[in-house]
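Structure in structure tokens, see below.
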């Protein structure tokens, strides 16, 4: 493929993203009650998940080496991840699963664009971004309270782990979608994922043994919330950085390969 | 690209794995540990060619493999064995250059966004299919006019009638002016006027763009009005390929000779007529006799000789009856084919 | 109860078991999605490594969260999603035409999945029991006897809450989403993530009289012997009070809702 064609393909996919976002926005505006059911409730849910952290501070001066404001910083990153999950990943995956069930995925596959790109932009919940915005606010407040003045290197590391965290979140979404090709009942995996995401509230240093490995390498919550906070506080070393990028690449490549195989087995539900 | 068939299938097979179990509690519990699967052949050794600009109809009973064949041709399903070529591409590769030149319209599945006006989905497809804005505006105007859509495209899809929705689905599928158009039951569940309007529109699209049409439908009128060539598919196999007239003659070789009469037949005449052929209607008001082609002249003469006989008609058996017979006696069709 | 009715309920039960078997994969995922207490266990166990937190030491957390996992498995129901979709799609009409009350239908279907659910959850529970310090159950025979009705009432409370919220689908399009609000509060306030007795003063007292705690935290604490007989009886009384309140709301919503359902002719 020539560079020109490649550039055209990229711009076409970007325009696809824009057009699908526009469509989702319009649909979201049709039901303004979504602001309350998706946005406010989602935020309340996530903030409710902080209660156990409060309880821990009732009885301890730190949680596994993390002080109160450091955990506020981590909570900020949690809200960003959770907001992106609720606004972009979960809706797109659920919508695509519905399309698999009803067979309207046919129309997605008939488009002259990458089918996975089409699925991942299938639906978008703008209201849930409220959560991500609150998260950004918390990160700023905590950074001010902790009197952080991150170096350029630290900001670079933050960027790397944040992107890694988001990419692995999307890759997990793709894997759930692939699973639902095999058996429709596996659609419940999104709720399992939501439950698990609750544990990204906690710093990775709290977990022990196999659970620590799982949350670092398989469902890498460490990469999503602990590492970004650590990158600002200081204490994120090269091993963690390399591990984060490696885990993310493995997840992303695995997801792409499995997606290709899942598509070959698509049976296109009739009616 | 100008020569050779647009579509060609060579010994195409498609089978699905389906799980099954007996009803009841114990089988349900047993299925926990061991699930039984059956291979179901949806399409078997299917081979045919379609030339550019042809209008082809797939006929066959429910579950015969018509829709599976369409989906294989559109690249939605990967064939288990054999080869398909459409516009020189392997459909299963789903290359963008291929997808930009075809469209599949399904009467039972919608692509329009439920809560939004159709125009919003059209706009999405414009971007996705890379249609220049000018061309898009022109095609949209042309199709809205042909389909008499007017303000309908500005209303949320959920508020539209079934027919209006189908019209908008057609617009969404045709904005990129596909060269090959696959239609799966496009008029299902619609009233007669709406069926007529959609049929007319598809015919007009074919006339203007010289597109190749491949259609499945439960409504014989759709197929009869739109398609010059019929492929009968049953149990995944091709069992007839030819024109409608040929199909009718093969299934129902008898022709129907009918007249209008005023009085009942007396038993003598009735048995005399039955020697010529089969008495299908024993009026008044209509008297109809199904006879072998070579007996048509004799039957015409005899019927017209009846007192008060008028309005003579000679025609093939009605299509719906042919179809009913075709699907009721599926075995004998294949025998007739000499398969 | 007449034998005809027993036969009908028996048929519903068998159908429910068959359905549960058919949806075993989703059931397994639901079991896994409710393993949250077990992850909390690991977490709080680690936090308690340097000494007890409140009146819970490491073994205390083990007992609490294993019991929470078990009670959660036994008291779960999903009528809200079924009812919501049946009302929206009109499938409820078919149930209303049967000579069995639709609520009885849902009760049987929810109960019928329990054996299979328990079977799927048992291996998880056994592994955790072996891996941790195990669970110490109350030595008080009265408390142990009271734990049985406490779990049954917890199930009833969950079921009736879901029924009441599910009935909102008669009027609203997003009733199931409203249940998410409830479950969000439940997760925090029921003692699912952390025992409510560890909450800060003030919050703890409020949380412990709410229905969330009655549906999980109370039976768990009773089971692991953290309540005196007097406290146990008090807790059961509180459960019954919530049952009456929620039950009345559910009955009202059901009756009103059916009228609305009939009005828009589903």
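Order of writing sets the labels: A, B and C. Residues in every chain begin at 1.
Just so we're on the same page, a residue touches a chain if its C-beta (ideal position, glycine included) is under 8 Å from a C-beta of that chain, and two chains touch if they have at least 3 such contacts.
This is a predicted model, so every value here is computed, not measured.
Centroid distances built from C-alpha atoms place B farthest away from subunit C. Legend note: the chain whose CA centroid lies nearest the centroid of all displayed protein CA atoms is A.
Annotation: 46 Å between the Cα-based centres of subunit A and subunit B. Centre-to-centre separation of subunit A and subunit C, using mean CA positions: 29 Å.
Centre-to-centre separation of subunit B and subunit C, using mean CA positions: 53 Å.
Contact residues on subunit C toward subunit A in their complex (touch as defined above): 23, 25-26, 29-30, 32-34, 36, 39-40, 42-43, 45-47, 53-54, 174, 177-178, 180-181, 184-185, 187-188, 193-194, 198-200. Those residues of subunit B whose C-beta lies close enough to touch subunit A in the complex are 16, 67, 71, 74-78, 94, 96-100, 102-104, 106, 108-111, 113, 115-116, 120-121, 123-124, 127-130, 156. If you check the complex, the residues on subunit A that touch subunit C are 33, 37, 41, 44-45, 48-49, 51-52, 54-56, 58-60, 63-64, 183, 185-189, 191-192, 195, 198-199, 202, 206-209, 211.
Those residues of subunit A that touch subunit B in the shared complex are 9, 12, 15-16, 18-20, 22-23, 26-27, 30-31, 102-104, 106-107, 109-113, 115, 118, 264, 266-268, 270-271.
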